[in-house]
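Mind looking over this structure? Questions follow.
Per-chain residue numbering starts at 1, and chain names A, B, C and D are given in the order in which the chains are listed.
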Amino acid sequence: MQNDEIRKALQKTSRATRTERMGKIISFSCIALIVVVVAAIFWFVASRGIATFTENGVNLWQFLSKTAWAPGTTDASGVPKTGALPMIVGSFGVTFLSALIATPFAIGAALFMTEIAPKRGGKILQPVIDLLVGIPSVVYGFVGLTVVVPAIRHIFGGTGFGILAGMFVLFVMILPTVTSMTIEAIKAVPRRYREASLALGATRWQTIYKVVLRAATPGIMTGIVFGMARAFGEALAVQMVIGNAALMPHNLISPASTLTSVLTSGIGNTVMGSLENNALWSLALLLLLMSLAFNLIVRWIGKRGEMK
Amino acid sequence: MAEPKQFIRELPATAELALSTEDLRVFYGSKEAVHGVTLPFERYKITALIGPSGSGKSTFLRSLNRMNDTIDGSSVTGKIMYRGLDINAKGIDVYEMRRHIGMVFQRPNPFAKSIYDNITFALRRFGEKDKTVLDEAVETSLKQAALWDEVKDKLHKSAQALSGGQQQRLCIARAIAMHPDVLLMDEPASALDPISTAAVEDTMLQLKDKYTIIIVTHNMQQAARISDYTAFFYSGDCVEFDETRRIFTRPKMQATDDYVAGHFG
Amino acid sequence: MNAKRADKIATAIIDVVAGIIVLILASLLGYILFRGVPQISWHFLTSPAKAFEKGGGIAYQLFNSFYLLFLSMLISVPIALGAGIYLSEYARKNWITEVVRTSIEILSSLPSVVVGLFGFLIFVLQWHLGFSILSGALALTVFNLPLLTRNVEDALHQVAFTQREAGLALGLSRWETVTRVVIPEALPGIISGMVLGAGRVFGEAAALIYTAGQSAPALDFTNWNPMSISSPLSPFRPAETLAVHIWKINSEGIQPDAAAVSAGASAVLIIVVLLFNFGARYLGKLLHKKMTAA
Amino acid sequence: MRTRKIWLGVLTLGLLALSLAGCSGQTKGQSITVVGSSALQPLVEAAGEEYSSAHTGVFINVQGGGSGTGLSQIQEGAVAIGNSDLFASEKTGINASKLVDHKVAVVGITPIVNKGVNVHNLTMAQLRGIFTGTITNWRQVGGKNQKIVLVNRAQGSGTRATFEKWVMAGQPALAAQEQDSTGMVRQIVASTPGAISYVAFSYVDKSVRSMSVDDVSPTVNNVHTGKWQIWAYEHMYTQKKQNKLTKNFLKYMFSNKVQQKLVPQMGYIPITDMLIERDVDGHITKLK
């Protein structure tokens, strides 16, 4: 019949090919745009952050290992006080601890909403958890300052300011992120896995533990990474409860500080291009590098979990 | 004297070919999954591809309308001739080609849309806007797929609420609504119960008048019941290709005989 | 027996965990609402803020929050969709893709003040957008894209691959199949991500101080010319949002009723976020139903 | 359909961005941007609003961002006016000779303590001792046995610089809690037993208590005469060349309307009320 027509059509560029080409171009430009933005920000942070070491002649090792932070002033030997170790410890401490607590809670909440009581959980827990994201940091900080800090002061003594208070506030702040991503990850586990496991006589918990959680591990890890990222980047709330003192924390209830809180509180008060300003950008750069390290570690753990 | 490694029956010169392959090899990365298969597919006939799991029959089938393109690292050498054109050649539009060489998959995969939309979605994407034409296409294709009577009252309900067998017939209806020349079917009945399987087989036999069907199946009775030709695949090779009744009664190759007799696989 | 016991214990633990979370959240929300709701009145919602006197409201800030949300979603959602589609459908599984993915994730750990300063130097100064809603929306786009993109990618991954095969086998392009079949099916997941992102827009302060600014010039609600500076629709006017207002009152506010305004504004913010969540989810469900006939 | 609409949206937005250059060009002639000190921002914003309502078609865009930002941006010429809590010459990285200083107000700074602290007066030396860490208990300055909790403003903040300049006499402050806003400092002092910090006069409210130093109480009058030493100017810096609107707005800042009404309302001390003048090095000149 229309053999020739079909042959001709086959050798022409079809509408589908054109839409595909257009789609590829559109979606590629989107990702390219993001890559450009990401690269621009990285470059933006790195170029300023590195200037501390290249232009201002600060020693990298001292930056990482010294504990005195007052870039505007110099110590006895005339070297600017740019010891970032207290902030590194503080950032690491609050992020790690809050993620450590938030993870089981997030998994528990997610399991409750997906496996145990999907109807009730979805109706009550879900909107409440979403709501937590929209509360401004300042409000978290304020609640932390008026509730958490005095409580810690009463129970443990000291001023109440410190890593412990920061951890509590961050725990609540990152909970929604980790929980919603965990929920998505668990939902993504195909129904038939559960059915197969239950059919084999496994209890619900065995199914959850051995099948669902195993299969959802990579997704949960992503959730944790994003949660830690949020904890790392959070400034205002943490700053209000951690004490924001550039001191080495002796314990969980002595005033400490994080890279972000020092960066945020100082950045508007310094003049661009000055040592004080560059040193703050170095903190931002450090933050990026530490977050990269965190990310790689969590991915590595996730991969190992997946293989088992 | 060395025994021949394969037997491929030549079709009579009068037979009109809908599709044919010449030394078709399919690779995943550097691994060769199909080793140089040359097969003819006669028009308006059903050809069954049988063989044990991992014999390469599904891979072969999926390469016939280049569905393997979606898998990272897969590549093909040799020729797949359709209407005198090699569908892997550079100037061939893969999407246009797939309109003419349709496919039905192992697991029913209706779109998460209504029954009506499942059938009309692609038609509308290709520019058909006339509602009467679309309505007619829905009715005809559902009737051809022997599903019309079961679903005519719920055309605007979700397709995913149908039973497995109904879903698979809907997928067949969806494929034939595009009026393809060739219909590739990858174990279309493997996930279905016997009644649904029978319904799907009936459908296929009815479709034979208008379509060339190539079907992969694990079910030898099914192959025997519905197909005109059968190709036996074994570890990436097509060991034997013949008229179905010959394959099941007097196979030329020992391996075919063993498989058909149920000695392995 | 043992397995059954473990099952019971585990279920109980999960119940307790869920209970604790509800308790924490309920008391947090209760605390904020308890302090704030008494401050909310029609006057509070409809009058402008005052710099140093009692009785200021949050009318402009409330409007600004919504408008900023609208603008930033308008910019970031399409980009996130496109990028998510690329990562989930077209990107090859190689190290470049992994690097892109990792760097996007790392970006989300940057403190928002860095994003704010970036926005200040690029959008406000370099692009001459000034302190404006548009600058703020762009900064928030930068801020939100990682999370949104990742979310879209995950949501798309959750839709079975067989749906794409179905489309391709009909001669449709991958793009058509994804945009018209896969995305509608993935909509609930995408919407949750967008709701999360929207929450961040509502709650963000540090990134906006340097971009959208911290002043809320009087708006003329009869002027709908988007190019006029006093028009509510103008994307080129500075716009203090509710979260920034709360931050400002808490940090430098000298109004005698600063604490009350801040408490009231926080409560309003929470209620708005709540309404928005419900609204978005309801709309999402409706849309999903319509498009998937579910 | 839906996706097409979305892409249409993107396209519109792109066009919008393209048309930007023209638009911003249009509004530029009628508006100036003022950036900097977040302490000064409310005053200038209020003045700007009044100025705009008196002059139709004029828009004064006042934003915060910190003194460092204000000075950086005025030095770059990116804005019309940069607000600062400090003399430009006190900031590293700023070439003060290129900028013009307009001192629009004075701000007095007072130590504040938690209300539970029963000490009401400190000598300057005691205050210094507390902030350098040699005095760590309220008992040492005549109060009850209670640990002193120091709360500082962030490094580089104008308030802190002023406080350290006039109290610390060059000695480094003890590393302690730092907060970057007055509100937070006040909240922390109010809620932490034994806490001490310092804020501008206008932020002292009933949640905290101010403290006299060397028996001089922190009042506006004592600042006028120079008896109270811990005070600073609020500066609005411009480049040497200013456009007309900038000049007019600065003139307006010094008008009686602003100085006598707005400035005291916002808790600052009018520059016109000062009986003395003090330069960056602390030399005092009596004004007639």
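Going forward, a contact is a pair of C-beta atoms (placed from the backbone, for glycine too) under 8 Å apart; a residue touches a chain by one contact, two chains touch by 3 or more.
These figures come from a predicted structure and were not determined experimentally.
Report which of A-D and A-C is connected by more C-beta pairs in contact.
Ranking A-D and A-C by C-beta contacts puts A-C first.
Which whole number of Å gives the spacing of the CA centres of subunit A and subunit D?
33
Could you please state the distance in Å, as a whole number, between where the Cα atoms of subunit A are centred and where those of subunit C are centred?
Each chain's C-alpha centroid was found; their separation is 16 Å.
For subunit B versus subunit C, what separation do you get between their C-alpha means, in angstrom?
47
Where does subunit B touch two or more other chains at once, residue-wise?
Residues 95-97, 100, 126.
Where in subunit D do residues touch at least two different other chains?
7, 38, 64-65, 69, 180, 184, 187, in rising order.
For subunit C, write out the residues touching at least two other chains, lowest number first.
Touching at least two other chains: 78-79, 81, 171-174, 176, 179-180, 250.
Looking at which chains touch, is this a line, ring, star, complete or other?
other
Applying that definition of touch, give me each pair of chains that meets it.
A-B, A-C, A-D, B-C, C-D
Once bound in the complex, which stretches of subunit C touch subunit A?
3-4, 6-7, 9-11, 13-15, 17-18, 20-22, 24-26, 28-29, 31-32, 78-83, 85-87, 89-91, 100, 102-115, 117-118, 121-122, 142, 145-147, 149-151, 154-155, 157-158, 171-176, 178-179, 189, 192, 195-196, 198-200, 202-206, 242-243, 246-247, 250, 262, 266, 269-270, 272-274, 276-278, 281
Once bound in the complex, which stretches of subunit D touch subunit A?
Within the complex, subunit D contacts subunit A at residues 7, 38, 64-69, 71-72, 75, 91-94, 149, 154-158, 172, 175-180, 184, 187-188, 191-192.
For subunit B, which residues are in contact with subunit A within the complex?
82-85, 87, 91-97, 100, 126-127, 181
What residues on subunit A touch subunit C, complex-wise?
14, 16-17, 19-20, 22-24, 26-31, 33-35, 37-42, 44-45, 104-105, 108-109, 111-113, 116-117, 121, 124-125, 127-139, 142-143, 147, 172, 175-177, 180-181, 184-185, 187-188, 202-206, 208-209, 219, 222, 225-226, 228-230, 232-236, 260, 263-264, 267, 284, 287-288, 291-292, 294-296, 299
Residue numbers of subunit A touching subunit D in their complex, please.
It is residues 26, 68-73, 141-142, 145-146, 149-150, 153, 159-161, 239-240, 243-247, 255, 257, 262, 264-277 of subunit A that touch subunit D.
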